[in-house]
Amino acid sequence: MNAGECWLRLRVRYVECDAMGYVHHSHYLTYFEMGRTELLRRGGISYRELETRGFFFVVVKISASYKRPARYDDELELLTRITNQTRVRIDHGYALYHADSRRLLCEAASTIACVDRDGKVVAIPDFLRSGI
Amino acid sequence: MNAGECWLRLRVRYVECDAMGYVHHSHYLTYFEMGRTELLRRGGISYRELETRGFFFVVVKISASYKRPARYDDELELLTRITNQTRVRIDHGYALYHADSRRLLCEAASTIACVDRDGKVVAIPDFLRSGI
Amino acid sequence: MNAGECWLRLRVRYVECDAMGYVHHSHYLTYFEMGRTELLRRGGISYRELETRGFFFVVVKISASYKRPARYDDELELLTRITNQTRVRIDHGYALYHADSRRLLCEAASTIACVDRDGKVVAIPDFLRSGI
Amino acid sequence: MNAGECWLRLRVRYVECDAMGYVHHSHYLTYFEMGRTELLRRGGISYRELETRGFFFVVVKISASYKRPARYDDELELLTRITNQTRVRIDHGYALYHADSRRLLCEAASTIACVDRDGKVVAIPDFLRSGI
């Protein structure tokens, strides 16, 4: 594992499952966000601290391909990786696995942009560039 | 109907239902919040405008009694009423009905307190007192 | 407007907004699902009835491009359209607008597949094909 | 710690925070549900297995008193305890603390009832009684 990727283990909550007993597809986006937060943290930076300093990240694009369903109480493993970076944007890739079977449940990609408190796009700060 | 109560009609979303096919009990609190927002609006005040002026309401207490389940795509009718008010707090009562059968699904009560941007309790502003 | 598209008006809920005051990007997927439900309903079919008959739709792919943020209490207009259909899958396209300004907030596309109660892909039933 | 209580550590997610930057009060109910799940698990029973066997628990009553806000990325400690039990119902008490400061954030109580697949109240099964 290098600085540009991290694994996160999580357990499916009851409230996240829909009437079919599967995790509702919208909640995967929350899992990916948790992956980005952990990736930052392991690089020595907390996203909360970033916001305190006036830097925010907004999701510009997201795409996901759902392969197999996740169910209530399943333990999942999420791999989050940085796949590209510019002066103002970061691309991430995600692969979500069932922890026991190691089967791939979902693959996804996102682009986030750095903005200030007013939502204006700004350059990613240097202290962050070194951390990610 | 008087200024201190209002009815709100809403339809149950798929994502709000759990593996039993019932609305997850936590989402009722969101319905109640929508009821409070509508009650304010019909009194001529938007909660968003309130926040812009530096006044926020935080939930201090809530209690709910669940009588019958609501299901996906059900249309519901929510009655929201002010039951008490002090200089800094407002108590609301809620009754949620199935729109077609008129059967009572849930009864609840909450207390909200007025705070400023830093979370300090402040007096409910006069322009709001007249509206609610 | 034809049978293959519909408009849905909705109001942003407080709980849907994040610490920036914007609608969290994951909730747009819920709006799109509401759009699909309405499109079915206006075609004379309720998704709930579909599930009762043993037909379910699962999201296979989704992609979204976020243009501008939506805020608490904003009224939004969602256009949902069928863009393609096979024996087992339906593709939808979405355009979400701010109701007052008519500015485009988000564009998205999804693919859903018809499955039975056990999650096995099955042909979309004929009574549904005529309705959509 | 005895069989009738357990501690659960959790971290606040970005999506759980509202425009004030605080955890939305409805999400605490999800935390409490996670506490109940963990309490069962440590008693040797998974709630998922219970549902497979045809036993479900529905929330009948809940009340919560919010003392202090929780914020994004905060680590929290939740104590879940069984406070009473009858043939068909279980009462739980909850105390949610900020992990670092040990300050109490929220106290709550709930009543859940055992039902079968059709929502009819049934006796809590014996194998469960011994586990909790």
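Letters A, B, C and D name the chains as they come in the text, with residue numbers starting at 1 for each one.
Note that a residue touches a chain if its C-beta (ideal position, glycine included) is under 8 Å from a C-beta of that chain, and two chains touch if they have at least 3 such contacts.
Here the structure is a predicted model, which means the values were calculated and not measured.
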Type of subunit A:subunit D copy interface by residue overlap (half), same or different: same
Chain located farthest away, centre of subunit D as origin (C-alpha): C
Winner on C-beta contact pairs when B-D is weighed against A-B: B-D
Size of the rotation, in steps of 5 degrees, that lays the CA trace of subunit C over subunit D: 180
Chain centre separation (subunit A, subunit B; CA means) in Å: 32
Distance from subunit D to subunit A - Cα centre to Cα centre, in angstrom: 27
Separation of subunit B from subunit D, taking each centre as the mean of its C-alpha atoms, in whole Å: 23
Junction residues of subunit B, two or more chains touched: 14-15, 19-20, 26, 30, 33, 72
Interface residues, subunit A side, partner subunit B - complex: 14-15, 17-21, 24, 26, 72
Complex interface listing, subunit A residues touching subunit D: 13-15, 30, 33-34, 37, 46-48, 71-73
Subunit D to subunit B touching residues, read off their complex: 19-20, 22, 25-27, 29-30, 33, 51, 56, 58-66, 69, 119
